[in-house]
Amino acid sequence: MTQAQSGAQMYALAKRLWPICRSLTGDGVRQTLAIMQELLPTLMVHEVPSGTPAFDWQVPAEWRVRDAYIADLDGNRLVDFQQHNLHLVGYSTPIDAIMSREELEPHLYSLPHQPTAIPYVTSYYRQHWGFCLSQQQRDALPAGPFRVQIDSELFAGALSYGEWYLPGESQEEVLLSTYVCHPSMANNELSGPVVAVELARWLASAPRRLSYRLLLLPETIGSIVYLSRHLPQLQQRLKAGFVMTCMGDERTYSYLASRRGNTLADRVALHVLQHRDPHFQRYSFLQRGSDERQYCSPGVDLPVVSMMRSKYGTYPEYHTSLDNLSLITPAGLQGSLEMLQQAIGVLELDRYPQATVCCEPQLGKRGLYPTISTRESGYQVRTMMNLLAYADGQHSLLELAELLNQPFATLEALCCRLEAEGLLRSGDAPRTEPLRL
Amino acid sequence: MTQAQSGAQMYALAKRLWPICRSLTGDGVRQTLAIMQELLPTLMVHEVPSGTPAFDWQVPAEWRVRDAYIADLDGNRLVDFQQHNLHLVGYSTPIDAIMSREELEPHLYSLPHQPTAIPYVTSYYRQHWGFCLSQQQRDALPAGPFRVQIDSELFAGALSYGEWYLPGESQEEVLLSTYVCHPSMANNELSGPVVAVELARWLASAPRRLSYRLLLLPETIGSIVYLSRHLPQLQQRLKAGFVMTCMGDERTYSYLASRRGNTLADRVALHVLQHRDPHFQRYSFLQRGSDERQYCSPGVDLPVVSMMRSKYGTYPEYHTSLDNLSLITPAGLQGSLEMLQQAIGVLELDRYPQATVCCEPQLGKRGLYPTISTRESGYQVRTMMNLLAYADGQHSLLELAELLNQPFATLEALCCRLEAEGLLRSGDAPRTEPLRL
Amino acid sequence: MTQAQSGAQMYALAKRLWPICRSLTGDGVRQTLAIMQELLPTLMVHEVPSGTPAFDWQVPAEWRVRDAYIADLDGNRLVDFQQHNLHLVGYSTPIDAIMSREELEPHLYSLPHQPTAIPYVTSYYRQHWGFCLSQQQRDALPAGPFRVQIDSELFAGALSYGEWYLPGESQEEVLLSTYVCHPSMANNELSGPVVAVELARWLASAPRRLSYRLLLLPETIGSIVYLSRHLPQLQQRLKAGFVMTCMGDERTYSYLASRRGNTLADRVALHVLQHRDPHFQRYSFLQRGSDERQYCSPGVDLPVVSMMRSKYGTYPEYHTSLDNLSLITPAGLQGSLEMLQQAIGVLELDRYPQATVCCEPQLGKRGLYPTISTRESGYQVRTMMNLLAYADGQHSLLELAELLNQPFATLEALCCRLEAEGLLRSGDAPRTEPLRL
C-alpha cells in the first residue's frame, strides 16, 4: 500500500466514524468499536458494569441519549442535538420543561472569543444538564420562553472498551493506547483511533519480535479501569508504550515525556522525532493531560509517552466544533503513522553490536569500500567506520545513532551488513565483561 | 509579635551592643554574652584558658585595654580610643612614649580612597601596636612630636564563647554559628548575633522535631576551639548548619556554598533564597571568608553554609567605621530572620510523600476540587495534582518543590491536606523498594 | 639546554630527515630509524616479514623504488621522482612503457585549486601506479607521447618499526606513538618524530617514576602490527598514551579525544592545553584520523589521545608539497615538546593530598605567610589556603588544579612545600574511608 493509499484510508475511516455520538459510555462507543472490528477482526470488546470499583474510582452510570433540543413555543428547534453532537453537554440528565431565558442561561455554554465555535463540555461526575452553542447562535436566541427537552438516561449499564493483542516471539510488549470517548471532533480525537487501527493492520501483516497491545478506551476512567485489572502483567511485560492522541493535523510533531523522562519510550520517541522534524515540540510531564497521567502515576510507573501532532490545548480549534474533518488530512495522519512505525522499528531492532576484530578491519578486501567514490559513498563509509569504531558492546544501536547523529534505520542497515560480514556480533544487552577478542 | 516588632527589637539590641569593645577575647565579649543571657536565660558561657591547644592552634593571650590615644605634648587627644573603638588596632601591645611623626607613621592605618572612614585592623598573632584613623584626621595631624599611650595588657586569661542548646524530639541537630568578636561595626557584625538571638527565642517558643545549637564565638579561633572539643558529636548529629553573618542591610541576599556544595544545607539555602529573592547572590566556597572555613575543612566536613545579606568584602563600608547602625535596618534584620525561619521550616518538615492509590485519585468526591473555579483555585488544584503525580516516595518535598517550582511551604501545606485525606503517606527516607499498592 | 637550543636541534633533525623517501616499508624507513638510533642508542628496530598476519590484516609486501619519471621521447624528464619524493604515488608498481597523453591521464594526480602544490597520494592495498604533479606542471605537459618509467619492486620483505623503552620505578607506562612513513612532508610528518626523539632524550636525562615506551611506526598497519603482538601487556600497564603528530607549526594547539573521552590521557591533555593556550582546538573522536583509530578501537580500548599543533586535514598545505620545512619552526616544535613535558609532569607527579590537621592550620607560625605582602604573594597564599581547604584525600592534584583554575605545576610546587611542613600527606589513590585525624 502506498503512503497516499494508507493516508486516504485513515481519513475515510475518520469520516465514517465522525457522526457517531461517543461519550464515556454508551452505544456510540459500541458502534465505534464495531466498525473497528471490521478492520481488526481479533479486536475484543470488554464491558465493565457500572459501579465496578477501579482503584479510587467506580465505573459510572451508562449514558443514553435519544434526542435533545431547545425550541421556541412554536416548536422551532433553536439548538438541536440532531444537528451536532456537541450541542448537548455530555452526560446531561433528562429534562422536559418550559423556562424563561433567565432560567436557561446558566445551562448555556458558548465562547465569546470564538463566536462561530460550539464548545465541547461534559459533566461526568456532577449531575447536570446543559447545551453548547456558538456565540452567534446564542446572541440570536429570542427572548423566550423556551421549551427545553433532553431525552436521556443515566442507568446501570456498562463501560465498553476495545483491546487488541498481537503476540510476537517474545512476551515483552508494546502498549498503544488511544480514545473512543470523543464525539464529533477530528484531531482530538478521531485521529488517534484511525492511526491506531492502520498501525495494528501493519503490525499484523508480518511476524514481529515483540508483542503488541492496542487499547481503545474512554479517557481517564478507561485506563484506570484497565490498569486496575491488568497492572501487574503490564509492569512485568511492558517495554514501552505510546499514547496516541491528536495525530491528524500537519502543523507540527509533539512529544510529551513520561514522568521519569528517561525511559526507553522517551528515548525512542525523541530519536524518531529529532530526525523526522528537528522543530518538533517537546513537552514535560508537567504539561500532561492525557492517559499518561494514569500510566505514569506513582505505583503504576509504566514507560509511556505521548506522540502527537498538535497537542491538545495548544491549538485554537481544540475542544470545539472547529476541530473538524477539515483540520486533519491524509498526509497528517500518514505522518503520524510513520512516526509510530519508526518508533516500533527501533524497539524491534535495537541491539548491542560489538566489533569482532581488534583494530579497524580491512574493508577493502571485503568489498565494503565503494569502487566508485562519491560524496555519498564516502559519507556512508565514514558512518560504517564510525559504527565499527564505537561498537564496544556497551552501547545500543539507538545510543550509537544518537552519538553519530544518524537515523536509527541508517545505522541498523549498516549494522546488518557488518553482521553479515562477520565484523559485528550483536547481543540483546550490554556486555558486562571487558571484551577479549 | 509582628514583623515590625521583631525587626525593631533586633535593631534595639544592636544599638545596645554597639558601644562595647569586643575582640577575640576579653571583657567586651563577656559583657556582650551577659546581655544575651538576659534574652536567652539558658545561654551558657564557656571560658577556655589561654594556651589551651586546639588542633594546630593555641588559645591566645587575653587582651585588656583601658585607654589609648595619640596626643600632642599639651595633652590634647588627637586620636582617641574613647571616641571610637576602631581607633585602636586590635590586640595592640602597651606603649607609653613620646615620638616623632616619622616614628609614628608605620603605626598609623587609614584609607586614602575612603577619607572619612576609620579602618578596622587587628594584629592577633604578631605583637604590634597601632592606631586607625580617617585619612582626613591623618592629614590634619600636626607635625609632632606626639605622646602615644596605650594602656593595654596581654595576659594569661581565657577565651569566652556562648553556647545555647535547645533539645528537640530528635538528637539530630541544626547548627547556628555567629560572631561576638567585632567591635563597633553593624552589618559585620552585630547583625548576626542579634538575628541569632531572635531566632533562638522563636525556636524556643514551640516544640520542634530537631535540636538546635547556637554558637556565639570569636571568629576563626572560636570555631577551631569549639570543634577541637566537640567534633565527633557534631559529625554524628549535624543535619545542617548556617553561619549567620552580615545579616542587617537591605541591599541583597547572599549564599556561600559549603565545600562539597551539595549538602542538605546548600539545597535548603538555595531553595529558600530562590523564592525569597531570585536575584540573590551566590558565592562559591572559593569565595569563603568566615567560619565555614573551619566547619567545611577536610576532616571536619560538616554540612554548613553561610546565609547573608551583603557579604563581607563586597560592600564599600565593610571593615570600616562606615559599617555603622545606619547601614542596618529593622527590615533588613527581619528579612534575615525570616530567611532562617524558612530554612528551618524546610529542615523540620521535609519528608518523602508517596501516593496511596494507583492512578489519579478522584478529588471531586473528597471536596478537593474548588466549587467556585477561579484562576487561583485552578492553579492550586494543578499544584495538588502535580504533587500527587510525582509523589513516588523517592523524592522529598524539597525535591518536589524544586521540580514543581513552588515554595516549600506551599507544597508542604498541600501535602498535609492530602495526608489528612489519606491520599499521601510520608516517610522519613526515600523508599528503596518499588511501591506495591 | 635552552629552549632555543632544543628547538633548533629538533629543526636540524627534521632537515636531515627531509630528503629520505619514506613509505609504509622499505629502506627509507630503515635509514630514518638509523639516524634516530644515533640520538637514542637504545632504540630497537624490529622487522616483521611480509605476510605476517595482524588481526584483520597482513603485513604488506615491501616496496623498493630506484627511479621513476615521465619523459618526452627525447629523454627530457618532465616529472621526476629524483626531484621530489611526492612525484611518485606511494607503492606504485613498476612500468616501462611509451604511451599517449590519453593513456597517461588516469595515472596523473594534481590539485586544480592549489596549482603549485604536488599532492601526496598512495595506493598501498590496490595494485596501481601513478605520478603526482602540480597543476601548473600538468598544464605545461606536451601533447605526448611519453616515456613512463617506474623502476620499483614489491617483494616479500619486511615492515620496519622502532621501539624505545625507558624503564622507571614502576612498570606502569606512558605510550608515545608517532610515524615514520611519510615522505618529504614537514608538519605531517617529520614534526612528530623529531619532537619524540627530543622528548625521549629529556626523559632519559633523569630518573622518573613511570616507564616510557616510544613507538616509531608506519601509520595504521604499524600500530595494528604492534598491537597484535603486545596488546595484553599494554592493556595491563598503560596509564596514558599520546599520538604525536602534526607538531611543528605555530598556528595553534589541538587535542583529539580518546573514544571514551574521559580517560586520564584526556584529562591531562585538556588541563595542559587550557593553561598553555585557552584558544586551543578541541576535536572529538568522530574527527579522528591517526593511530588513535587503532589504540581506541573496541577491544583495544587504550587511554590514548592525540596532541597536536595544526591537525591533519585542517590546514591548506596538508598532504601536499607545501607542507614543507618552511611551515614548521624551531619555536613550533619547542612548543610541542613543552606541551608533552607538561603532560608527563602531571602523570609523574599527580597524587591525592590530604590535610593532616583539622581546621585551617596556622600558617604564620611556620613562616608560610609572606613577611612583605604584595599582590603576588597574597595570591599565592590564597592558592595555598585553597589547596589546604580542598585537600580531602579524595581529589587528585590534577582535579584540584582544575577546580582552582591553577596550572598543575603551580599547585604541585605548593603541595611539595606543604608536605615538607607536614601539613599535607599524599597518597597514590583516593581515600576510601572518611578521614579521622
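Lettered A, B and C in written order, each chain numbered from 1.
The rule we apply is simple: contacts are C-beta pairs under 8 Å (C-beta built on N, C-alpha and C of every residue); 3 or more make two chains touch, one makes a residue touch a chain.
Remember, it's a predicted structure, so these values are computed and weren't measured experimentally.
**Q** Give me the chains shared as neighbours by subunit A and subunit B.
**A** C
**Q** Examine where the copies subunit A and subunit C touch and state whether the two sides share over half of their residue numbers (same) or under half (different).
**A** different
**Q** Superimpose the Cα trace of subunit B on the Cα trace of subunit C, which carries the same sequence, then give the rotation angle to the nearest 5°.
**A** It is a rotation of 120 degrees, to the nearest 5.
**Q** On a C-alpha centroid basis, what's the spacing between subunit A and subunit C, in Å?
**A** Each chain's C-alpha centroid was found; their separation is 55 Å.
**Q** If I count partner chains per residue in subunit A, which residues reach a count of at least 2?
**A** none
**Q** Inside the complex, what are the residues of subunit A that reach subunit B?
**A** 54-57, 125-126, 220, 223-224, 227-228, 231, 259, 285-286, 288, 293-294, 296-301
**Q** Where on subunit B does subunit A make contact in their complex?
**A** For this pair, the touching residues of subunit B are 354-355, 357-362, 364-365, 386, 388-393, 404, 434-437.
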